[in-house]
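Heads up, the next two complexes both have subunit A, just with different partners, subunit B and then subunit C.
And then the complex of A and B:
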């Protein structure tokens, strides 16, 4: 008679199908944007009253990549011919409803979530159980970008470079070196950005899977390792046998904490000390996320890709399945209503 | 661990009237100090990259052959930029910064040569920082 030894059941969240599902869900996440041209800056003879463009933007994308779409709309519907000719996209910049400048090099999902949590901390916070997501209202300015507060030129090329820089940092945090990123052929590096530009999940992940760890199939804190790369002559530079990477743990998960209207927190957190999101938040914000408050309402919550994440979500899993396209797990901390 | 230091220095250049602010900030990612800086003309307009590297902040001919765009300087030998823009880690304002990924190696090589076993941790770290400045000054002129 065979008996089954005590064995951890494979975590339902770590099967290849489940990993692919959550990566797909993250990729397909969108947020509503309402882009309104500053009425004072409309060129003469513009179709006033129509200078507002609504769009459902991918969380993993970037504002400079939306500019062509916005521009087409404005040229078709709002500006007359003369107006359309004087418009210079390199002078465009975005402002939030509260007057804050929008960092165009941040992923759109992050811009949305940081706005949402900053609202949570304000006196006029809406009830946290509102059903439909509220559009993020952005004012589009057509000229005179405040160059002391904004990076120069929101061009797609500059955005791509910033994106590559974030990927490189994420690579370094995971492995202690940037060999996986630098090991990618130029074609593949460009392919990552093209995948975002075209919003093509398969094109992006075909390359990203070479550098992103996957959670181990068994639950119980096994070290994440990159998903096996199909043998191909092109990828020989950075292909590693999976067991070699499983042996050396991922050093840390690239993660940053965004407080409502506050600074961005980033610290190296070794995977041994911090396993779950709860551990991670307690390590940085022990007063907001105390351990022993079972009978009292939570003070704060954490949003990842717009989803309120439970404290027992594993950081390694979040890093593998719900990170942004730039490799980072952006945790936006909001304050619970009174 | 090397401590984070914020160092803002204003260097008015008499003939051109430019202002440069320089910060040394600890990178939580690469765990080394990184130089962040801004350069503005007398009207407060930030200098474009092409003009910036011609100022006295940079040692002439010290930069490798590189591709220069409006937003970054990338050596021909490398797939990644050496100098680009980013958010200042604590101020959140836009700055130029020198990419730090080669720093640990460059400083490490020198430290391996000069390190003495009798150094305390404090002496080691001080010397590390001195060496870091030395490596940095191969490219950037920090003298007032």
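And then the complex of A and C:
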């Protein structure tokens, strides 16, 4: 699907300025959420009718990190004093509107995108022409988390451990070991999570740049001139030598494909052999992304960070610029106007 | 909402993606089918964790890693609440909802998925 006439030289997206820009755009992306407390679980004397809270949540953040904000709204507006004393936020957990469990250890943007592609494949899908983002409706339960189904405790600490596990897994995928992650001091490892918690781009990337590869300009011929690096905070994103940590030098790009209502597919994505997103999708989903029908409408599309991503996007570049804070490129596949 | 009569809304079928939509949904059904194949999982004890008499098992690839953890707990006779930490390749803890199949494809060593287990946190 060559919807873009003029092909960009790969290097156009791989200059230090655009790397910093796309990382910033990924970081600042938000999704609308509508969080409604299960009315059956509201404490006595709650202010009913107001138990719904709307917010724009960062894509790279996690549901347990939203609890303090939601809690303070509920205490201010919905619960009375006695009610505020009864509720225990260690027991709070989320459910989808249709009763499905929310993978609360997934990044919020991923929860939103998997919901969006599920809608694309359901008969009741609203017309895809409406482009206004629709809030994802979540039910907040105040008690009895189904820990066996959630698999992990619904706490910020368990979420942090899961996040660290994902970062290490991504590190292993890239380099065949986790030396970059384990080489970080404890305070730096914690700093990555704190960067998400505080939604502080510079704090996060000051550390993440030590473990994330950087795309080197790929255009042959011109060698990249030694980049003039101003000592600003943004420049910390790309101050390392490009060869050792080049995005194209990784063994594999950490990437997963999410299909509507499952399954999730993960495999090695060596950027030499699986160069583009189109290569990746055709290899794993040939029925949805067939090679032999360029003249017909595409059957499916791919979202990365909520953005419809062209098939010629390079996997190495996606891994360096549009991965989530946990290092993973999440590709959510939806079906075109079913 | 008043539905327009189907006749007045008919547009040439080549304009719509009805066939494509059906084809896409059929493709999704195909990809939803569970992989019945099995992969070899090899368990390795770390530190003071008890060693298993048999340490490799064939496990259905479509299982979640959580099923592997539960299987291991059962084999070790662990009670609920007894600490058990599991790792792949002595490097990281996978998400419990990831499938054995995905982990095997990405991290297998000589046809085995190596799962290390420990009673204390070993690799964070």
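Everything below uses one rule, namely that the second predicted complex is superposed on the first by the 297 of 338 C-alpha atoms of A that agree within 3 Å, B and C clash if a C-alpha of one lies under 4 Å from a C-alpha of the other, contacts with A are read in each partner's own complex, and residues count from 1 in each chain.
Here, a residue touches a chain if its C-beta (ideal position, glycine included) is under 8 Å from a C-beta of that chain, and two chains touch if they have at least 3 such contacts.
Just so it is clear, the model here is predicted, and its values are computed rather than measured.
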- [ ] After lining both complexes up on subunit A, report clash or fit for subunit B versus subunit C.
- [x] clash
Open item on the list: According to the stated criteria, A:300 is in contact with first (subunit B), second (subunit C), both, or neither; which is it?
Closed with: second
- [ ] Classify the contacts of A:121 with the two partner chains as first (subunit B alone), second (subunit C alone), both, or neither.
- [x] second
TODO: Considering only touches as defined above, state whether A:178 meets subunit B (first), subunit C (second), both or neither.
DONE: both
TODO: May I ask you to decide whether A:147 touches subunit B, subunit C, both, or neither, giving the answer as first, second, both or neither?
DONE: first
Task: Contacts of A:103 with subunit B and subunit C, given as first, second, both or neither - done: both
Open item on the list: If we overlay the two complexes on their shared chain A, which of subunit B and subunit C does A:162 touch? Say first, second, both or neither.
Closed with: both
Open item on the list: Contact-wise, after the overlay, does A:264 reach subunit B, subunit C, both or neither (first, second, both, neither)?
Closed with: both
TODO: Answer with first, second, both or neither: which of subunit B and subunit C does A:17 touch in the superposed model?
DONE: neither
Task: Broader residue contact with subunit A after superposition on the shared chain, subunit B or subunit C - done: C
TODO: Show which residues of subunit A both subunit B and subunit C reach, each in its own complex.
DONE: 103, 151-152, 161-162, 164-165, 168-169, 172-173, 178, 182, 189, 263-264, 266-268
Open item on the list: Residue numbers of subunit C touching subunit A in their complex, please.
Closed with: 16-17, 20-28, 30-32, 66, 88-89, 91-99, 102-103, 105-107, 123-124
- [ ] Sort out for me which residues of subunit A touch subunit B in the complex.
- [x] 103, 147-153, 155, 157-158, 161-162, 164-165, 168-169, 172-173, 178, 182, 186, 189, 254, 263-264, 266-268
- [ ] Spell out the residues on subunit A that touch subunit C in their complex, using ranges where they run on.
- [x] 103, 105, 121, 151-152, 161-162, 164-166, 168-169, 171-173, 177-178, 182, 189, 252, 256, 259-268, 285, 287-288, 296-300, 335-338
Open item on the list: Which stretch or stretches of subunit B touch subunit A in the complex?
Closed with: 28-31, 40, 44-46, 48, 69-72, 79-81, 84-87, 89-90, 92-94, 99, 101
